[in-house]
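Dropping the structures in below, format is structure tokens.
Look at the two complexes coming up: chain A is in both, with chain B in one and chain C in the other.
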Partner chain A sequence: MLEAKGLMVFYENMLALNNVDIACADGQIVGVFGANSAGKSTLMYTMSGIMKDIQKKEAMAGGERITIVGEVRFEGEEISRLKPNQRAKRGIVLCPERRRIFNESTVLENLRIGGYLATSAQAKRTLEYVFSVFPALERLQKRIGGFLSGGEQQMLAIGRALMAQPKVLLLDEPLMGLSPLMQATLVRATREIRDEKKISIIVTEQYARPVMPIVDYAFILENGSAVLEGTREHLMDNPDIRSAYFGVEES
Partner chain B sequence: MTEGMEQRRKERVDRGIKVRTDSLYALLSAGEIAYLALPRLVLILGLLLLPLVVPGMYWQRVITITCIYGLLAVSFDFLAHYVGLVSLGGAFFVGTGGYLAAIANTQMGLSPWLTVPSAALAGGVLCTLLLLPCLPLRGVYFAIISLMYPLFSARVIEALDILGGTDGIMGIDGFPNRIVEQYAPVVLLLLILFGLRRLVTTDFGLVVRGVKDNDQAIRASGINVTYFKAVAVFVSASMGCLGGACLVHIYMWSGISQFALDFSILPIAATVIGGSGTLVGPVLGCLILVPISEMLREFGTLRIVFYALILVAFIIFKSEGLMVWGRRKYHQFERWTRI
Partner chain C sequence: MDILIYGTINSVALALYALGFAMVYGVSRLPNFAHGALYVLSGFITWSLLNSLGLPYAVAIVLTLLLTGIIGALIYQLILIRIRGMEISEIMASYAIGLAILEGLRWGGFKGMTYTLPSFIEGSTTIAGIVVDYQRLLVVVIGAAVVGLLWLFTHYTRTGLALRGMAQDERAALMLGIDSDLMAVVAMGFGSMLAALAAVVLLPLGNIVVEAGYNVLILAIAVCIIGGLGSWMGSVIAAFLIGFAQILTVVYLGAHYQMVVALLAIIMTLILKPSGLFGRQKELEERV
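After this line comes the complex of A and B, so read on.
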């Protein structure tokens, strides 16, 4: 459904992504795991097109020159020329790292901004759906976004992304800085969203263990390169990976 | 982009000298020394020689005024991009410095050699004290309130008819001779420019830059943010007052036009054109804008339109600013590389 082929991104002369091939089939949950600076966020930004925006801003400010090479295909069509808003219209929706919710708007307003692309009927339906997946948000709908806890903000960010009627949802480190309990809630919700809405999901994380149970296929990034890939079972069988990314010590 | 097709990207490579760390240069040859010294020499010699090459008194006077605007622009750039206070108080600084120098000269009979430095210091203190209550403000709020100060001062002087009222203070001594008058602002500008470049790399500069990025983190490090902001405002205000003091001795008159908003607005435009955060850039911007605004004088108020067009063009096509662009071109070259 969404795939990247030979993706390379340079920040000035630094290679952030090196010839990365990644694919997400219809209705799959794909995990992308890697340490800090492995290129996870760069990958998400490039696939959602935000990187083009960053590129433009850097060029305007005389900052780093960002070079993007390679192709991104969505439903068989080459989309690497499309701007981020056009990609969102087609159904590639990013839920960015560190949530980036609208701090000064209420929960309901945040969700309604997310629903800009949806028709009013769709928006109404999705709003109900978001509240059913995250009942906490329904209670908080009048609260100002900036005053929510980290977990609540993350739910809101995912809810806002859902409001844009995604076909592919890109979740960039959704579990960052959350309690194990909240992590479990979000992981459960992610699976629910895939199962009920048939939305494909690409999720990045540093620590693979909490999300591994729901992932169908996973890629491992190291220093900008996709060094390993495979189904969940395949990766779990590899002892090196188990200790490096899943925190399972070999006896 | 199929297999086999050669893909290229443009690469930026540091021109660089042979041994370089962040702060230490190991100079190995005359060529490298020249490479480093050339831009500085161009600036210093350029500013010193400029009054000699322009035709006539009128343009020499324009250069003097340019340098005074340059002082204001550097002071704006310092406050805005190293301390995070966007100050529109340039006119307030000029006016305060100007009136203080005028009073010191006419009432106390001090010579320009004494009035200029004392007006700069006393004006700096005065402006800092007056701005002290506004220091917790940031961004556009500080900008608006600092814009109120010159408007307020001019109206107070007008309404209460103090300090010569609308006529201003006349009979101020000029500089002792033409050469001093011509070169005092130039030399002061150069000294302050290079001094400020040092200042922003000292510990003090480090702290104020931290204040700009995240004042809560600076507070958490046990540093008194208000004190550092006040010192930075003092530095910036003193520069403005210095310019104002020079100005009244050049015009031999001090009046409420010293609180004119030109002194607040032009430095910002110059900073946009020259490149913000570079300190040298705003001077370059003034060297472009002030003469242009003089040349357009015959168009009357229409010159604002030309002026605005130039600004818009710069913001759209070169928003990084001339100096940032120039510095990059000087220190780096570009070449195509295969991926």
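After this line comes the complex of A and C, so read on.
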């Protein structure tokens, strides 16, 4: 459904992504794991097209020269040339790192801004769905976004992304800085969204462990390269990988 | 009592000057220094439509609003979009455009005290012993209507909500499929229309002179800085603060200090509370 082939991204001469091939099939949840600065967010930005916006702004302000090489395909079509808002319209919606919710708007307004691409019938239906997946948001409707806790903000960010009617949802470090309880809630919700809405999901995390149970296929990024990939079973069966990436000690 | 009435009228006038500027800045972070020029330009457009083409007043006004909106959008699409995000360049370029428009008008012969627009309704009434003409009352009514409609627009329409999303986090808006370039053009179009609206409502109160362009720009900037750049409701409240301060100055000090009030207010705000009275979010950011 969504795939990247031979993706390379340079910041000036620094290689941020090195020849990365990654794919997410219809209805799959794909994990992308790696340490800080392994290239996870760069990958998400490049696939959603936001990198093109960053590139443009940097070029205009005389900042870093960013080079993007390789192809991104969506439903079989090459989309590297599309701007981020055009990609969102096709159905690739990014729920970014650090959430970036609209701090001055209420929860409900955040969701309604998210529904920019939806028809009013879709928006209504999706709003109800978001409230059913995250009942907490329904209670917080009138609250200003900036005053929510981290977990609430993350729920809102995912809900807002759903309002944009995604076919593929890109979740960039959705669990960062959250309590184990909130992490469990979000992981459960992620699976629910895939199962009920048939939305494919690519999720990045530093720690693979909390999301591993719901992932169908996973890639491991190291210094901008995809060093390992495989199905969940395949990766979990390898003792070296288990201890290195999933924090499971062999006894 | 006259302070209250004329203070309110003056405040609403200031709010009308400032709303367009606040909208453009709020959405696309563009300090539109051509704002005052667009104000004067739309005055002359109305005058020309009225006197050269002989159109009915109402038609001329509607046409002016549309034309100014289109001119603003074109200025953005053709020139300013290329320097998006570089604030100093944006100020220089938009100021240059403003200068070109204003001095171009002067060069084209639009100078002197001969250009006036008729009032919408002639006559006056007395409120609590003070004589107020209908045009000034209309200023207050239209000002209140504009603020109300703007609020409804930004809270209940798809485009309005998108504009607010973009005002808060452009990149997050992009991720949700909102075309930020298009929205910036739309905002500039609306902002220019608001400048034109202020012009057609306020200019019948006096002559259309090129110099007004500079004053309107300074007043709009003063209101926006004091209200907190990007905060629309803050601008409205700041308009009332400056509006009343100006009238009090006129009453107790003399009319020629009026402009000083606005400039002093800018300086005071920048020293004491740089984010403006209501720039809440920006203030938070400054603290972090």
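In this text, the second predicted complex is superposed on the first by the 251 of 251 C-alpha atoms of A that agree within 3 Å, B and C clash if a C-alpha of one lies under 4 Å from a C-alpha of the other, contacts with A are read in each partner's own complex, and residues count from 1 in each chain.
Here is the rule we go by: a residue touches a chain if its C-beta (ideal position, glycine included) is under 8 Å from a C-beta of that chain, and two chains touch if they have at least 3 such contacts.
Owing to the predicted nature of the structure, the values given are computational and were not obtained by experimental measurement.
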item: Chain A as common anchor, with chain B and chain C clashing or fitting; value: clash
item: Contact breadth on chain A, by residue count: chain C or chain B; value: C
item: Which of chain B and chain C A:67 touches, first, second, both or neither; value: first
item: First, second, both or neither for A:12, with chain B first and chain C second; value: first
item: Partner chain in contact with A:21 - chain B first, chain C second, else both or neither; value: neither
item: First (chain B), second (chain C), both or neither touched by A:112; value: second
item: Set of chain A residues, in rising order, touched by both chain B and chain C; value: 60-61
item: Sites on chain A touched by chain C in the complex; value: 48, 50, 53, 57, 60-61, 83-85, 88-89, 93-96, 100-105, 109, 112-114, 116-117, 146, 160-161, 163-164
item: Chain C to chain A touching residues, read off their complex; value: 82-86, 155, 158, 161-162, 164-165, 168-169, 171-180, 280-281, 284
item: Complex contact set, residues of chain B against chain A; value: 1, 7, 9-13, 275, 319-321, 324-325, 328, 339
item: Residues of chain A defined as touching chain B within the complex; value: 6, 8, 10, 12-13, 60-63, 65, 67, 69-71
